[in-house]
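Below are structures written as structure tokens.
Both complexes below contain chain A, partnered by chain B and then by chain C.
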Partner chain A sequence: MDSLSNQNEERHPGQWSRQQWLGLLAQSGSDELLSHWQQLDLDPGHRVLREAEIGSVMVRGRIGGEGDAFNLGEMTVTRCSVALDDGTVGHGYIQGRSRKAAMVVALADALLQTDQKPKLAEGLLLPLHEIRQARELELQAKAAATKVDFFTLVRGED
Partner chain B sequence: MYVAVKGGEKAIDNAHRWLGEMRRGDRRVPQLETAQISEQMTLAVSRVMAEGSLYDAELAALAIKQARGDLIEAIFLIRAYRTTLPRFGYTSPIETARMRCRRRVSATFKDVPGGQILGPTFDYTHRLLDFKLLAESEDEQAEEAIPQDSADVPHVLGLLDRDGLIQKEHRTDEEPVDITREPLEMPASRAARLQVLARGDEGFILGLGYSTQRGYARNHAFVGELRIGLVDVEMEIPELGFAISLGVIEVTECETVNQFIGSKTEPPQFTRGYGLVLGQQERKSIAVALVDRALRWKELGEDFLGAAAQDEEFVLYHADNIQATGFVEHIKLPHYVDFQSELELVRMIRKDAEAAREKADD
Partner chain C sequence: MAENSLAGGFAAPAVNSAVAFRGIMMAMAEPGRIMPVSGGIPPRPMDSAAGVLALTLCDPTTPVGLMPSMDQPAIREWLTFHTGAPIIAPGEAEFVFGRFDEMADFTVFRQGTSEYPDRSATLVAAVASLENSGAVLRGPGIKESRALNLPDVTPFQANAALYPLGVDVVMVAGGDLVAIPRSTRVEVE
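For the complex of A and B:
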């Protein structure tokens, strides 16, 4: 799981693993995803292997944060699979219920396995990564501002 | 004999139209958008997601709007929708130790690695109505500071664990029961209990948690740690052959530390209660942890004191507000035939009783 936890480190085009780009795309908001995708102006020939489908996954937690697993509750997920004309298969999974976004992720996943990778890394992954990183940094900065500094009052009875 | 009665269609149609009009309210007031609910009524959205047991803020906002703000009705809508979704699978357990915390406090240790982070809390507010909000829009900006050290925020109870002073949670690869797929059976596993409590009614669980503090179940608890923040949700994808992150969710986690003098099976040590819920739901997570701890009496070799919060059947079979509201509210629906038979019965008994009295008087 190390590769998943290191998502916030600096990243340059070409370094992305499939696991990392799929994770980034799944987490990106569908508005941001679709607008960056449109700017790329790609229309790759493909056929749909699995129509975009809205469903759920059961999210698990651990008892005491570290013990046996238990079922916490579900979340919505949409998935889709495509094959490019050259046969490359792409799978798209996103949080939420946007069929369009799941389709875009599936196409991007396929293209990222081809020689189009630098273009997508530059025009799609990098901006989405920066958005995510900015969001995380903002959370950390606001949390840091509410961190308690304890001080001890010296009582004059020495 | 069962007598089917038809009628009332027109009345029902018109009742629903009036409902729609009432939902809209005064048309001179702009209509509420679901984005306004999901952005500005976030804690209501959290509750609907947790008790509806489906993490999707947009759907929860829609349900709240449709239900005119009746959160249990909104939860009902989400539960109904949830049943229509195909289930893609079970995720890996979320790693709350890697939470990006908005809030993280401990009532047991002042100096904890990662620090005490208050976050956007109501605590320390004076609970005075802020009349400014009547007149103008709120436009306050959060302060920012440079985060020190790493964002690593280890669990506080790990500190006690190092000294062996706290009961360990055992970790196996056992598949947990899923009460949305199998009927809830007694005795229930702790996993099943935590699932029921996570989606249980906040008010019911709050009341039960409160009862444990007032002496109904010996359960003096400290909040070892309370944290609210974002975690990644990861799942193994069969067609890929590896796990990917499917998204980010907000959760609230509470770990209580409870004094424990030991029993026939366990040494004197601290024991733990655990509460994990979807969304930002601090009060609920603390109450879940209290009730979780009370329900553990048997495994810890404690006595059953007859307290409601210790009674697994009582707690688990009454925590779900959709089951509860369904049964409580159904008695308002037509029961004409049932009632007719009761009426007949009472009349008959009265007649017999009167006859008996007259006979005695003679």
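For the complex of A and C:
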């Protein structure tokens, strides 16, 4: 739990790094993303550099963070790139196949690089971060409830 | 990363690339026939036909080489963003982009091997203009003969002599392209 509350302190509005906000937006559910985006009521002028397209990427992992990387499996990813009228470029990559959500992430990424950042951090990143945090806590609680303690009084080998 | 180096991709990738592929295929099937292609606008000084060819044929599995005139940050960024093709030395690449006068010695590029003649380079060479007059082309895909204003016939003759090895050449000027595959025999007018 400590690590989560530390993360929370790091993420006050205005302190988001691009890596952090793209990571959060990529992993947020597209329904939650779209509803919070609509509440912001932004319609920035933009051009599409790359139309939203759906593809798959191979997710690779290492057990325990070490050893050889292995292919965990493929996941569906949608990406999109836009340029705002002032030339700021935004890229959106999301899980799943919602072209609309990929476009929203690309727009949000571009706007977060402009002076609109505080507004988006407050209205989009913060609520999505809270949703994600709640989801993680719930998962941890479920996992904790199934925890089994193994006691071995005599191990035998010593 | 500047915005203008990322603009100019296909607006409707599926349709644009299918149409462009058809144009490039017809050009290869009928050497010397000038085919217009459209849909992509690469950064200067790359011709739009060369850009369309890159958008259509290049992907992460086709290493691309850039001759000095094309080896500019804007072109590198554009190719990387739109095609994902790795950019490597022209001598190792499968597609090489440049001006014709930089590429006049075809033998420095990949020629294929006897077992795999297809492992050879395709040269995309920019010329000032394309018109059906001048050097005489004969060979598969040409009924009698076809004329084309080649800047120089010597490298094409040497290239055809290597058959089945050798390179395939696509010459571009603006939005037009014309193909001279290795099977085409070139004679002076």
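Please note the rule applied: the second predicted complex is superposed on the first by the 135 of 158 C-alpha atoms of A that agree within 3 Å, B and C clash if a C-alpha of one lies under 4 Å from a C-alpha of the other, contacts with A are read in each partner's own complex, and residues count from 1 in each chain.
FYI, contacts are C-beta pairs under 8 Å (C-beta built on N, C-alpha and C of every residue); 3 or more make two chains touch, one makes a residue touch a chain.
Not measured: the values here are computed from a predicted model.
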Message = Under the superposition described at the top, does placing chain B and chain C together on chain A give a clash or a fit?
response = fit
Key: Cα-centre angle that chain B and chain C span when viewed from chain A, reported as a multiple of 10 degrees   = 80
Query = More residues of chain A are touched by which partner: chain B or chain C?
reply = B
Request  = Go through the superposed model and pick first if A:Leu153 touches only chain B, second if only chain C, both, or neither.
outcome  = neither
Request  = Mind working out whether A:Ile54 is in touch with chain B, chain C, both or neither, as first, second, both or neither?
outcome  = first
Query = Between chain B (first) and chain C (second), which does A:Ser81 come into contact with in this model arrangement: first, second, both, or neither?
reply = both
Key: Touching partner for A:Arg62 - first (chain B), second (chain C), both, neither   = first
Key: Smallest separation of CA atoms, chain C relative to chain B, angstrom   = 6
Remark   = In chain A, both chain B and chain C touch residues 53, 81
Key: Of all residues in chain C, those that touch chain A in their complex   = 1-3, 6-7, 9, 11-13, 81-82
Query = For chain A, which residues are in contact with chain B within the complex?
reply = 1, 4-5, 7, 18-19, 22-23, 26-27, 53-77, 79, 81, 91, 93-97, 136, 138-148, 150
Task = Going by the contact rule at the top, pick out the chain B residues touching chain A in the complex.
result = 49-50, 53-56, 58-59, 82, 85-94, 96-98, 100-103, 110-111, 115-120, 142-148, 151, 155, 157, 169-172, 174-180, 190-192, 194-195, 198-199, 229-230, 232-235, 237, 239-240, 242-249, 251, 253, 255, 272, 274, 276-278
Ask   = Hey, which residues of chain A end up touching chain C in the complex?
value = 47, 49-51, 53, 81, 83, 87-89
